[in-house]
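Just so it is clear, A, B, C and D label the chains in written order, and each chain counts residues from 1 on its own.
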Amino acid sequence: MARLSRLLVIGVVIGLTLVLFPVVYSNDFALTIMTFANTLAIVAVSWDFFTGLTGRFNFGQALFFGVGSYAAGFMNLNLKYGPMLTIPLAGAVAIVIGVAFGYPTLRLKGPYFALATLIFPLIAGDLTFSLSSVFGGEHGLYGLATISDSYVVQYYGSLLLMLATVIVLLYLASSRLGLALESIRDDEKAASATGMNVTNYKLVAYIISAFFTGMAGAYQAQLFKFVGPDTFSSNISFEVIAMTIVGGIATIVGPVLGAYLLVIVLDGLGVSSDISVLTYGVLLMVIVLAFPGGLLGRLKTNLRGMRIRRLVGGKPAAT
Amino acid sequence: MLTRRSGMARSAAIAVLVVIVIAAVAGVVSYYYVSTAPATTSTATSTATSTATSTQTVTSTGISTLISTSVKTVTSTGVQPINIGILAPLTDVTGIDEKEGAQLAVTEINDHGGVLGRPLQIVSEDTQEADPTIPVSTGLAAMNRIVTVDHAQVIIGGERSDVVLAEEQQLPKYKIPFLDTGAADTSLGQQVIQNYSLYKYFFMVSPVNSTSLATGLISFYGYFHYVEPNYTKVYILAEDIAVWHALVPVLQYFLPQLGFTIVNPQSAGADYFPYGSTDFTTQMTNVRTSGAQIICLLAAGQDSVQLIQTWANLQVPAIPMGIDVAAESPSFWGQTNGAAKYETIEVGIGDTGTPINTIGANFYANYSKYYNTLPIYTADGAYESVYIIAHAMQAAGTTNGTALIPYIEKTNMTGPDGLIRFDKSHNVIYNEDYTKGGALSMVQWTAFNTYTPVWPPTVAKPISLPPWM
Amino acid sequence: MVLPEILVFGGLLGAVYALLSLGFSLSYGVARILNLAHGSFYMIGGYIYYAFLTMAGVDSVESLLVAVALTFLLGMALYLGLVRPVRSTPVRVLLVTLSAAIVAQEVVSLAFGDRGVGAPFIIGGISMPLGVVVENQRILAAIVSLAMFLAVWLLIRVTKLGRAVRAVAQDAEAASLMGINDTRISLITLGLSGATAGLAGALLGPLTGISPDAWLNATVVAFAVVILGGLGSIPGTFLAAFLVSYSQVVVAFEVSSSYEIIVPLAVIAVAVLVRPKGLLGKVEE
Amino acid sequence: MIGPNGAGKTTLFDLITGFQRPTSGVVMLDGREITGSSPNQVVQKGMNRTFQIVRPFKDLTVLENVLVGLIQGKGRLTRKKGTVELRKQAMELLQLVGLTRSPLSLARNLSHGELKKLELARALSTFPDVLLVDEVFSGLSSQETQELSDALVRVKSNRNLTLLMVEHKVSKVVQLANRMLVLDHGRLLAQGTPREILSDQKVLEAYLGRG
């Protein structure tokens, strides 16, 4: 036990609580809300993996969410692929889009990348209307196949996908890749002076983030049996930013808790959109000003400890 | 060692936090269990008492059939009420009137003993769909809550067609009737035809579906060509959304046959502008240069508020005549600073302000009495819907959603918009004659909060043209 | 072909875009602040004008001045309250301005509702330059915008304050060594960018209507313009504003208004890739 | 390499290591032309540099700072080499530069002197054949200066590489360097052993002329 990384302990505790949740407290509405939370948690965690580790701000995570949703919907309607197939494939499509947008933009210095990401989802959202023959305009794509109508199944499905995402991204973040990304965040010039191709590493992180977000979009598509232009809405991009900041940026695990917290505030309490969005706006503001590390920012050190143990096997003593 | 212990402590602390979070969900939900039900009952009963006076006016209407068959006196105490779910943007005028219209019907019915000896009760959830930036998921969360937490036995509502389409997808799961009183999209009904067993729960009560709206519009244009033979150049201006892409070809086919010429310069033969546009100088300039005399406007969103203002400010010499959802609400005149004058739009014949039958008359009278405002188009839809459900439940002798469907399909009832019957696609059947189906009317904005009917001929007053034409 | 229309509308729109984008460029060029809430000033300016004109019954010109004054104060408040504490870390500046924008949007929609509002014009009527029918309001908006743009430009070019501003823009540290108060300069810069964006909102608001979420589009336009002209370059901003407006109008007239929004954004995306520093942008790491 | 301020020493470093592109001329590294290669390519070809103003990965631990180079650099310690090897190399580096601070402390918490050592260690972690050291002694206390020059001496003896230093502290240069170059206004003013240089008239003017 004592050998286990703190992060793993925390992970296990969270995992168990979530796995047991339906057994302990089986309520359809609560399950639905938790399913939403899981889906958004995936997006938040993937956002954190790219932006948290590389420090390059992505204001358009909704791009991948929408692309994933539409890809899944399109494949389900036109190729009759089932959800089990469309979810990973949607992730793959998101990767393609990730390369298409990431490869040119990630070379941009300073704020240009951040600002460019603000634009892409807007373009995509408009395209769903201008190309309504393909994307169905405001109708979106409907009548999609679903994994199951059971709340419990959908909950566990989303939970599975979410935990898988967290574990994989945690593994990557604590690996050599994660180390490279964090060095890029701290000083891009110095990072290139260690012999790494900075742009390639950023691109890799970008498409990994795209992949999982795309799958989340596909999961929601089969959950709702519907995909609409709202999957590109900047609300989603901003929400996941708030979730990550609340949970603690560059912690991978933090965003999950942030997601639960906010989804419960937004959908769970069912307060008017204005109030709830206001809430996360204020929350974001307060945390950025008061808790730079987010509420769980201290997890960062655990991530680092985990990485050191994996790379050099245990903590070395001072020389 | 030390660090490790503190580490364990930290993880323990976080574990606790997680548990608290989970507990919070539980708390929230159970809170909803307790709180919602009594809250709405109390409002229901309070209005019930206040409406005792309305008994006379109501019994004199077509509803009497229902009352005669139902138990005369019921004490709502101790009896489990039937929950009528209102799923709408409750902070928006459309949602507010929707709920009030339904509440009015519920009150009337409860005054006459309710249904199956049980009182009706409104439960409502906010989909926030009036705000275009709010994602569909919010609406679906509200729908889930209204079914699983508020235990609605039927859902009345719907406005934004993407939200309603998504909600329709959930019906096979919830298996309760959904009476749409906002979205006019034909694809909603197509679902019912293509996959009846799954989507039979969906019904479109008002308005009539978009195809019928087009039919009505075309027959109005025919009438207009007869009264104003010199105005024949039409410019089709529509939002770039699927519902209009489906209608425009119909107009492009029929209008020329009625003697009109479509003067759009665009290759598509129609000018599609992005949904939610804010700057219309381009479109209005094109209208002017095209020499059009009529703008055939198709708008479902709030963007028409700006469009009409630009039209008036630029004094474009062509009169807008078409479908404009935003313009149907009385506040439109104020929103456009009066620019709405002369705009001519299609509305349900029950929404012209001049009732077509006694039911409409009573509806208007009671509504304005209790709420001190005039109802907008969502109100009578919800009002009718409650009665449709009440009839069906009474006839079926149950509140079971699936069992109700055949009886709702058999609906043959007169409401403020005319006779209500459903076709194969579960859309309300349209007919120019309101005694044979849901009828439409064209109204022209003439003054603050007032538009006057200019079609059908039975109720028509002459159309006035803007002075700059 | 509708050349005169394109000339007139593109030109009039470009002037307002220039004013809208000026502050965005300044706050980055001078104070190194990337203000995502810049569009919020535009939105709020529009609402203040609307509120004072239709609710408080103040006359239109006064409402315009009130809008400018209040957005100026808001700009300074934004700097002191939110940006200054996190100034050192650009990422947190982005986040805090984003949160400010979200909060502003929701506060406004709580106060005025989600649906947009259209305020009455300052001057009604139409005129016909080059035989194109235009609202006088639109012409007024363009003229006032140009005047304000030039005023700010001169302020920075000739006045003592302007010299200080440019000094800070060149090298904040050196400037502070020369005894220039960096904080005061940033404060004024943010105030100015607030006021200019607010004025743009109050002028264009009546023509396009204004809604709580209008800030995002405004920010994006400002961003597009500034990125094309180069962050921090005033002449570049001016030039790019017209490029953006003309590209929009041309697309709207010649292709389809469905692509009115997409095409310029795409053009800019490409432009950024080809010339990351913008047309007249000064090179900085 | 010495030279008055503005002589273009750092610029020359940037040109050689690919951080700036030369408008004319070529950069050769043991016979191969590397003109216009990106910094990371230059590192892979066996040349690395330290920065005059230190650029540590401040939110990473001291250990990680060197690990990045060990993994990414010319040495490319692959996973096959295993954790033990990686750890050994890292700790050796830290010892070499005499960084006694705990390898798990965050770089942002290090003193200026320690950062200079870390900068050196990170540069060495890529196993360069040629190491360019840019004003490594600037802003250090005499104590720290001594430690660092000792470190450099150790590097010279333990590692088989060429050190090219830009330095103001002429005394240190004389102590460490085998050959000296004098740069002024971007031109090579003189070169030779420290003794030759210090007795060179042009050099004295270049310096003393400015006082």
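The rule is simple: a contact is a pair of C-beta atoms (placed from the backbone, for glycine too) under 8 Å apart; a residue touches a chain by one contact, two chains touch by 3 or more.
Just so we're clear, the structure is a prediction, and the values are computed from it rather than from any experiment.
Chain pair with the highest count of contacting C-beta pairs: A-B.
Think of the whole protein's Cα atoms as having one middle point; the chain whose own Cα middle lies nearest to it is A. Put simply, the C-alpha centre of subunit A and that of subunit B have 36 angstrom between them. Distance from the subunit B centre to the subunit C centre is 38 Å, each centre being the mean of its Cα atoms. For the pair subunit A and subunit C, the distance between C-alpha centroids works out to 32 Å. Chain contacts: subunit B has residues 91, 131, 133, 240, 274 touching two or more partner chains. Residue positions of subunit C touching 2 or more other chains, listed in rising order: 109, 114, 256, 258, 261.
If the chains shown are joined wherever they touch, the resulting network has some other arrangement, not a path, ring, star or complete graph.
Pairwise chain contacts present here: A-B, A-C, A-D, B-C [touch as defined].
Against subunit B, the residues of subunit A that register as touching in their complex are 2, 6, 9-10, 13-14, 17-18, 21, 25, 27-30, 32-34, 36, 126, 129-130, 132, 136-140, 142-144, 149, 220, 224-226, 228-231, 233-236, 257, 260-261, 264, 266-270, 272-274, 296, 298-299, 302. Here subunit C touches subunit A in the complex through residues 28, 34, 36, 82, 85-86, 89-92, 94-96, 98-100, 102-103, 105-107, 109-110, 114, 216, 219-220, 223-224, 227, 231, 256, 258-259, 261-262, 265-266, 268-269, 272-273, 276, 284-285, going by the rule given at the top. If you check the complex, the residues on subunit B that touch subunit A are 4, 7-8, 10-11, 14-15, 17-19, 21-22, 24-26, 28-29, 32, 91, 125-126, 128, 131, 133-138, 140-142, 144-145, 148-149, 160-162, 165-166, 168-170, 172-173, 185, 187, 191, 195, 240-243, 245, 274-275. Residues 91-92, 130-131, 133, 240, 266, 271-274, 277-279, 281-283, 285-286, 288-289, 302, 305-306, 309-310, 313-315, 335-337 of subunit B touch subunit C in their complex. For subunit C in complex with subunit B, the residues that touch the partner chain are 2, 5, 9, 13, 109, 113-118, 120-121, 124, 126, 132-135, 137-138, 207-209, 213-214, 249, 252-253, 256-258, 260-261.
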